[in-house]
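Each in structure tokens, the structures are laid out below.
Heads up, the next two complexes both have chain A, just with different partners, chain B and then chain C.
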Partner chain A sequence: MKEFSVLNHNMVPEHILLTEDEVKALLEKYHVTTGQLPKIKTSDPVCKEINANAGDVVKIIRDSLIAGKALSYRLVIEG
Partner chain B sequence: MKRGVSSKTAQILCGAGFTLSKLKKASVEDLVEAGITSANAKSILKKIGTPIETSEEKVSQKIIDSKEGVSQKIIDSRLGELHLPPSIIDALQHDLKTIKLTETQLDEILKMTVDAYEKAKVEPCEAVGTVAAQSIGEPGTQMTMRTFHYAGVAEISITLGLPRLIEILDARKVPSTPMMTIRLKDEIKGDRDAVRKLAWEIEATSLLDLGDLSIDLAEMQIIIELNEKTLSQRSITSKDIAQRTRDKIDVDVRLDGLKLIIHPEQPSYRELLQLVEKLRSTALKGIEGIKRIVIRKEDEEYVLYTEGSALRKILHCDGIDPTRVKTNNINEIADVLGIEAARNSVISEAMDTLREQGLEVDVRHIMLAADMMTCGGELKQIGRHGIAGEKASVLSRAAFEVTVNHLLDAAIHGEVDELSGVTENVIVGQPIRLGTGDVELVYRGG
Partner chain C sequence: MASTKRIKKIKFGLLSPQEIRKMGVTKIITADTYDDDGYPIEMGLMDPRLGVIDPGLRCRTCAGRPGECPGHFGRIELVAPVVHVGFAKLIRKILRATCRKCGRLLLEESVKKSYLDQIKLLNKLGQPYDEIVKNVFKDAIKANSCPYCEEAQMDIKFEQPTSYVEDGHKLMPADIRDRFERIPDEDIEVFGMDPKNARPEWMILRVLPVPPVTTRPSITLESGQRSEDDLTHKLVDIIRINQRFQENREAGAPQLIIEDLWELLQYHVTTFLDNEVSGVPPARHRSGRPLKSLSQRLKGKEGRFRGSLSGKRVNFSARTVISPDPNLSISEIGIPIQIAKELTIPVNVNSRNLEECKKCVLGGPNNYPGANYVKRLDGRRVKVIDENKAELAELLAPGCKIDRQLKDGDLVLFNRQPSLHRMSIMAHKVKVMPYQTFRINPAVCPPYNADFDGDEMNLHVLQTEEARAEAQILMKVEENLLSPRFGGPIIGGIHDHISGMFLLTRGNVTFDKYNAIELQKKLDSIALPDPAGYESGKPYWTGKQIFSQLLPSGLNLTYKSKMCDNCEVCLKEECKKDAYVVIKDGNLLCGTVDEIGIGAFAGKILDRIIKEYGSVEARKFLDNVTRLSIRMITRIGFSFGIDDEDIPGDAQEQIYDIILNAEDRVKRLIEAYEAGDLDPLPGRTIDETVELKIMQELGKARNQAGDIAGYHLGVDNSAVVMAISGARGSMLNLTQMAACVGQQSVRGERIQRGYMGRTLPHFYKGDLGADAHGFVKSSYKNGLSPIEFFFHAMGGREGLVDTAVRTSQSGYLQRRLINALQDLEVKYDGTVRETRGQIVQFVYGDDGVDPSKSDYGKSVNVRRIIQNVTGEALGG
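So, the complex of A and B:
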């Protein structure tokens, strides 16, 4: 038995925790509120790895089949 | 000053301030700048004795330099300014390297690329969900109804076709045929013996896999004759087996050579049969849930295909490559690797299922479905208990499934329908707020 971080798995895209300023800029850019973003739960294995708390926003850099790279955002919720 | 040069040319040269000594140093371009045709300039220089060849080479060299130098730098900066997806930028960068262009040509190309991209974008107010549903639904009618198929991997049967597609979109907790693809570390992936040993290590082995079972009704006991060859193959001794059986099932086990004699707690027929069932289902060795392993060689590396899935345990096994382990149980992926990995898995599983049937569906439709299924942070099915069941509108929910229940519940709770969606507006006979129906334009004739 050895430790394995799920962040290294091929199917898990890169998750980045955003700072408050970055969140503000993001919401302004897309004219949305945090509640309108897709969600991710605090119990999610990735959230545990990057120590995300409820209310944080994570930026996800996906490998897209169409665009090469695609950005996505998720609001961390209790769960 | 003449020396065989026409008087007109001489006049121009004098006007430009050329003296004989200056003229000797001058190159063709200098003369052209002064207003002499290049053919004339060459003949002048020839008469003076300046070596023309070198200056000509210089000229052509300069043109190439200027072309390449300007383009590459400009290409990069121009590409940086564009709002295009990285894949298109990469393709442009790659293709532009192979051709020589002027700046105007470059601008033209970029403009056309951007125009084509903007044209290809989905238009505002487009009913993307409906289009996605149709795009997945229509090929669904062509899919086979047959459930089992031996796809590439001999011996392991996998649910494919329509049943599998339904399974994916319904986000079933456990698929009907769970299966894993395990790739191995570089050190052992080419070594057949090491791979086989690892496979024995992982595969769940029950007592019944190791020998033949017989029930002795007269003595009320179970006798298992262990197979010596199997034991050495799986590197386990008869003593080990007896001990592990005692530990796991807590029964009286006696070892007599290669014979295991097991007594049930109470000597009853029912008890005996239950014990057999227990022996069958308990794994003495390996990972519970991995029922069978098939080893296949795929371009110079051995890959393990398993019947049954246990992602969390497999990830922590020695010898396997944890970054490339795959399972077809999407809920398990959501639990172990997170919601984003589950989204990727929904997309790849659905695409593979469709592709295997020879159907090409644009990945964007599947991506939309996967996004809807995962946007709440957990895997939701597309259906009554998931996305369709969570719609805000009563009429829309009632139109989908179990109509009466929804209407009754809504009446009891006094629900209000805002008539903001598509379905409810179709029901009440209003224009839907989609496409041109969502644009409020007033034409003032005059």
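So, the complex of A and C:
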């Protein structure tokens, strides 16, 4: 079977792993704890691809019809 | 003061016989209620220890008066145990899952343990374990013999509703009870039950709790006769049978009679608990009305939960039929004087409003405007009546409170169900009027989705200053002109408003001075600009000028009206149909104002005024536009009759020819199809192709017929005016009335159903022709032939069924959506969060724009800004 990366699919938005400092800044900005962020499971194909572990935060840049680009952050959880 | 308590936990379980005996204050042994003197009989169903309902008596258990005493349970000791219907299914499951001899769960020790661990784990996590319990029963029922005592298990048949048959023998409730008593505690836990709170044998009743009299009060009829509650009647039956059973058993009656009585007891207990069990004839009152059992009191829409606890009734509200009044402002509501007298607003009396309040109190409850209640300085609330109003007015002083009757200018909430969006409840200003209906301006019908065919609406009077302030800022009609759904106006001109404006502004309608002023009579201000010209020395004004009086100065706008044909080369100002609208500095220079100008959902002029001049200005504009156009349309005497559908004979002739030609072409298509000369369209079979081509051909014919009819009806025909201005109806409706109704369809295709190979016996089998498959040649005016009529009814019925199905489906869809979204909130940082603060969206709608503040969903309208800055319209 041919190997391919889900990241190359045009319907998969860009996922970026945040560094610890970036996470801190993010939580500061929204006055939240990581638990209040939307979740993504480690079993998610994208998580596997970018080697995200539970506790990490990924930044997702989606295309939006309304705003052009829409930012979202998700906390990686076990599962 | 009592301290607030917090509920930590709620535990559900079964009542054990011991508990029932403990909570029952007395044993009930006689079926009688009251003695000859009207006193409750002791140990009867109305025992004074069960609580009191008669005024003047005191409860023998808690010494409370009626209203204070909550009531106390009694008990009936049943001679023989009976099954509780509510648990009949569970009893069956447990019977099948346990050993008939040793009572243990029919599972191996290890399997049982693993199930138990799973349940305990889920229980600790606070998650539901129903699925696992379901599997326990599924596994246990499979066993043929007990793994512990090796007893062979028999199949247990369950006969609705409460009998169980094992191997041909009926299991009596006493046997079931014995079996259940043998089940060890640890096995019960595997059923997901807590043996301390719910032993399975408690599902078999030996003692029946008798609900307190307060839950089944008897009522005294006018004749002085007492009428007992349904539950009391049922309890009487139970006690009687219970006694008979005991007597028979003590007398040593044969087994057969005992069993019959047992079944009868079971029946009465069952119908006491639930009178709607399938397989049981409902117990009836003497009059033949089914009795209301305990379960019926609780369940369903009118039950205790949905009807009494969640269903809230409110004071200070009114409901009546609505009717239109175009002379009211859109923000007003006409209220019948009777309602205004009943509804009140609390007013704190102070030194400044003392005189006004005195006048109200002096008016009393009957002379509007008056007051209904006074709260005096000593804190007593006194009802104002004609006898005491003078005295009360005299004693009125700052610090008192009065309940003043509703008067003009008060803010009230107005609502029509179903309340599907926020515009279903809006704040209106009161206008007290004679007669019995609520009056509203027809322009506010769209947001409420109201019409005047008998609709009723609700009104709520705000009782606090805070509520009024909030309603003033958020809920007034003018604050809701723009829909949060698409950022355009949802309130605007409808029906006659649009026809009237269309007639006023189309072409060059002129008025002399008298008529021009007459037209403006109902407006806020009457003013005439310089006359448009002079005719035989007399000045005249155009309809466009009169309309322009309503536009705010400085308004610039250019758009194409609904009439626009989208010509290849737009003639703009020179448009032959006057469809190019130009407004400069608040003057309508050319073009016709129609639905796209002032209509609800579409109005561009309206939209622009709301967004640039604010909601108050927009409300005034809308009030004036609607009044002006109503006056215009009344002047004209706009009407429609049968003869407006008449078209000249030669036009009729032409239409006939078109249809004949079309039928001819259809015939040729069919011939080609039968000869096999037809080429199939891509992706279609030959059959589908011929159907499609026939449909196309007939559709074309109908359109051509419509064009001819439209041409001959002329632009002055009322129906044509309504159709092209967008007020009501369409050219298609007109075509169907005047020229040809056209193809009827079921499921989106020509009518195919009916007999084998044909739709009706009037046609040959396999006839593909137009008339054999529901093409209606006639117009509604000329009338349909019987066959056409039949096909038309088929199509019509489908439409009817579709709407009925669609409304219920979309209603439920909407309900689920609202339930899922109702707790989400846009916080001040622009994020959307649910109640726990969990982020759902980082920026509301990805752009943080409130759609009701947006421009048709777009955050900025660049074109508008450029136009405002340069004063020039951008091309296009």
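Criterion: the second predicted complex is superposed on the first by the 79 of 79 C-alpha atoms of A that agree within 3 Å, B and C clash if a C-alpha of one lies under 4 Å from a C-alpha of the other, contacts with A are read in each partner's own complex, and residues count from 1 in each chain.
Heads up, the rule we're going with is that a contact is a pair of C-beta atoms (placed from the backbone, for glycine too) under 8 Å apart; a residue touches a chain by one contact, two chains touch by 3 or more.
Just so you know, these numbers come straight off a predicted model, no measurement behind them.
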Is A:V6 touching the first partner chain B, the second partner chain C, both, or neither of them?
-> first
Touched partner set for A:N51, first chain B, second chain C, both or neither = neither
Does the superposition put A:I77 against chain B (first), chain C (second), both, or neither?
-> first
Could you tell me if A:K41 is touching chain B, chain C, both of them or neither one (first, second, both, neither)?
-> first
Based on the superposed arrangement, let me know which partner A:V32 touches: chain B (first), chain C (second), both, or neither?
-> second
Report for A:A67: first if it touches chain B alone, second if chain C alone, otherwise both or neither.
-> both
Which partner reaches more residues of chain A, chain B or chain C?
-> B
Take the contacts of chain A with chain B and those with chain C, and give the residues found in both.
-> 38, 64, 66-67, 70
Would you tell me which residues of chain C are touching chain A in their complex?
-> 829, 831, 833, 836-843, 845-847, 849
In their shared complex, chain C is touched by residues of chain A numbered 30-32, 36-38, 64, 66-67, 70-73
Spell out the residues on chain B that touch chain A in their complex, using ranges where they run on.
-> 85-90, 315-316, 318, 322-326, 333, 335-341, 344-345, 347, 363-364, 367, 371, 374-378
In the complex with chain B, residue positions of chain A that touch it | 1-4, 6, 8-13, 15, 38-41, 44-47, 60, 62, 64-70, 74, 77, 79
